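Below is one structure, written out as structure tokens; comments come after it.
Order of writing sets the chain letters: A, B and C. Residues in each chain are counted from 1.
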Amino acid sequence: MNKVIKIENGTKQGVLNFLEHLITTDKISGVLTLRKINEKGICDYGFISDAKELKFADPFAPVMPINAAQTLSSLTPTTKPIAAIIKPCELRGFVERVKRVQGSMKNVLLISYTCGGVLPLNTFQGDGSEKIIADYYNAISKGETPGSIRPTCKACEYFVPMMADITIPLLGNSESESECSLIMNSEFAIQISKEFQCEIITSELDSKIIDKVLAVRISEKEKLYNKTKVTKDGLDELVNIFGKCVGCHGCSRVCPICYCVMCDFESHNFDYNIEIFETELEQKGALRLPPDTVFFQIGRLAHMSFSCVGCGQCEDVCPANIPVATIFKKVGEATAGLFDYIPGKDLEEAIPVMIFKEEEFEEIGK
Amino acid sequence: MTKKGVKISLEKGLQNQIRDFFKKGLEKGVFDAVILPVRVPGKDSYAWILMNNAKLIDQANPVPPVMPVQGAKALKALTRKGNGIINVATIMRSCEIRAAIELSKLNQVNLEKITLVSYDCPGAVPMKGYNRIPEEMEKSFQNALAGKDFANDKMKEVCGICVDFANSPADLHFGFAGMENDGILFSNSDKGTAILDTLKMKCSEDDSQWKNSVNIIKEQKSKNRIEVYKSIQPEVEGLDNLQTTFAKCIGCHNCQSVCPICYCRQCYFDSSASKQTADYLQDKAKNRGGIGFPRDKIMFQVGRMAHMSLSCVSCGQCMDACPVDIPVAKIFSYVAAKTQDTFEYHAGTTADGAVPLKVYKQDELNKIHELIKNAEPQGSQHE
Amino acid sequence: MEKEFIPRITSFVCKWCTYTGADLAGTSRLQYPTSIILLKVLCSSRIDPVFLIKSYLKGADGVLIGGCHPGDCHYETGNYHTRRRFKILTEIFSTLGLPKERLRLSWISASEGPKFAQVSNEFTDKIENLGPNNARENMFL
């Protein structure tokens, strides 16, 4: 059981009231939140310092213009507290980044919510999205899985935030139009909200709803994995899937985990002298230009799959419609699973490649 | 000035003619290898394949419906580093050839051992459309090609306004626009002429019929171009409009990474040099009430224009790769037309000469002097 | 007649243990197959999994890593990290249905000439049974 702030207002309005209080009483210097930037309803992430600007905030908008983990990296470390209201996978992405010293959680009030998933960028920002968005809110208030969300969202088991200072029940919350509860998970949250005038009760997330959603998500995941023939089909299937990759590397640029300013696969390391192509041509008779299409994918998997949070951002930006996130999520589950690791679950848990146990795995491939 | 070219029968189809040409070239040792588009096993795209085996040429589709990777990028991957010993020939769309020419002027492609071949380009189908319904798109493209249809609406928008569809400094060019059963293969360079000589291909055909047809098509496309530029102008003129147009931009920089001209290994706008500190960002938010992410959307777009628009070949790749469907290529094409006109430069259309930013004349751009003078406050110390 | 299949096994071995072990196998005239192509690295932990992927995709029939026994690494803990990274890579291979049997990690000390010969022979036999790596022919990679 946790301390819970109860606000007699819709969930969105209640959160905004709370944030307004934090800003106007100078508890935080600003809040990172999704916000509407024009009348067409297009959203970006805004770091808002003036309480008046909160009227543009749309913290629960089902869209991910960028994975906020990247944004939080650029806003931290900070000496003055800030708040961020982000989705659970963004939070996990941020935790993974902090483990890689790409930001700091200190002085960041992390607010998250039980997440109904996000719509693909083009659905959210495209024409006629109002109805889809309305249907979305309707479905999630009933704890259903909207058909319009990203494939990896449908298959996401971690829709309950981990490592959040404050959790907001949104998914399956039929009262979200009329009331707002903020579940306090940390001492930091309790301290910073001390002066906020409100009713305080003790409560927790409704486990019945969580279990119900979880069951659906798990079965959706199986379906998704079966549909995308990523597994067991070998090199030929990999070529079938990635054959159309245009090598833009957009997938790695938008990935919250891929933090390198200069990706190894774009570096001089993999930029070949013409002699290398000539030798290979001699041996093989035919080769692809530019090279390394499948190599980039397996290489990226080797570098980061165990930290993939399955956010789906890579798949959404892929101009070739390759189910990148599905594949990365699936492989990531397997590689992280070797170490019972759940990316972004706990800041104290080291990234598997940074530690080892003396007694584990014998000689491999014997 | 009329030119003479080789008469080509199109009875077997253009694709086969081109295949035969490359096979012959390989057999006669005119080149050691060729780079041709081959449909990928998934059947939903094409890949550039460097091959030295004449038999493989049958698998290639020299004129593919799509341009998944701009051809100049394939040439850059091959020739940027080191000195090759093999002679390689390739056939590409006009914008790919022009991009390769620009890259060679920028020392990113070495064309010394490369033979560039081109053709009258009917346009390219957008990648996203092709991915979804490849067979359908394949058909409409082959029909457009066979029907010599240069105004097909299935093609990328920038293809509809491309006045250089049959104009590039490729060593050799397959022309067929407006011709009945025949086409014409002609040379634009000494390299090209030498190849035709070695292959004993006789230049007896006059190119005037072809040229006339090309000019007619070109005129129509010029008109479309003016219209499209007119329609794009209000979307980008003034900061407010620019901001509205790029509101959706998520800062993925796909547009830059697929651009053949943007050759920097590390784009300035991705580098640490362009990143701001947490303190700076928070101060800025304090002053303005709030700041948006991704940062510097307009800075990136306008900055990229400043860096590369003089060489933009209007290939449309940027627009094809944009995940939020911003008409990037139309905008860049519009801006590039203006910056290139300033120097009477037309990117990639001539094989020699330098890119405008590498050279200067002492007496030029006098209008700018006037602008500066007018902008200066009265009584300024600088004359 | 079919050409006889002589596997090519790219072998990354650490300078301090396995390479010395291989050297010992040579000087003690122990037979080990010519399929083993040795690449000397300072420590097995220097081997980015990406090298192994590259070897496989470029057509190596087998990829072998050799390092000091756990606890004996010249840089103390290098090979523990190698072991985790290698395990991750084999997991990626098996999840994607790629032939993880073509990957092999072994600990061979400077004095274990015979073990080097034995591992090389065993692995070569295994690769011979698997046949050539079909990545070598694929032009779309």
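Here, contacts are C-beta pairs under 8 Å (C-beta built on N, C-alpha and C of every residue); 3 or more make two chains touch, one makes a residue touch a chain.
These figures come from a predicted structure and were not determined experimentally.
Engineer: Touching both subunit B and subunit C, which chains are there?
Structural biologist: A
Engineer: If you tally contacts for every chain pair, which pair is highest?
Structural biologist: Greatest number of C-beta pairs in contact occurs for A-B.
Engineer: Return the distance between the CA-based centres of subunit B and subunit C, expressed in whole Å.
Structural biologist: 45
Engineer: If you average the CA atoms of subunit A and of subunit C, how far apart do the two points sit, in angstrom?
Structural biologist: Each chain's C-alpha centroid was found; their separation is 37 Å.
Engineer: So which stretches of subunit A touch two or more other chains?
Structural biologist: 239, 243, 285-288, 291, 293
Engineer: Two or more other chains touching the same residue: where does that happen in subunit C?
Structural biologist: 139-140
Engineer: Counting only residues that touch at least 2 other chains, which ones in subunit B make the list?
Structural biologist: Residues 40-41, 47, 49, 51.
Engineer: Quick check on the complex: what are the subunit B residues that touch subunit A?
Structural biologist: Going through subunit B, the ones touching subunit A are 33, 35, 40-42, 44-45, 47-53, 56, 68-69, 73-86, 127-128, 131-132, 244, 247-248, 250-254, 257-258, 265-266, 270-272, 275-276, 278-279, 281-282, 285-286, 288-295, 320-325.
Engineer: Quick check on the complex: what are the subunit A residues that touch subunit B?
Structural biologist: Subunit A reaches subunit B through residues 29-30, 32, 35, 37-38, 40, 42, 44-50, 52-53, 56, 65-66, 71, 74-78, 80, 82, 121-122, 125, 236, 239-241, 243-244, 246-250, 253-254, 261-262, 266-268, 271-275, 277-278, 281-282, 285-291, 293, 316-321.
Engineer: Quick one: which bits of subunit A touch subunit C in the complex? Just the residue numbers, please.
Structural biologist: Answer in residue numbers: 230-235, 237-239, 243, 264, 280, 283-288, 291-295, 298-299, 301-303, 305-306, 330-331, 334-335, 338-339, 352-353, 356-358, 360-361, 363-366.
Engineer: Can you check the complex and tell me which residues of subunit C touch subunit A?
Structural biologist: Result: residues 49-50, 53-54, 57-59, 70-71, 77, 80-81, 83-92, 94-101, 103-107, 134-141 of subunit C touch subunit A.
Engineer: Once bound in the complex, which stretches of subunit B touch subunit C?
Structural biologist: Touching subunit C from subunit B are residues 38, 40-41, 47, 49, 51.
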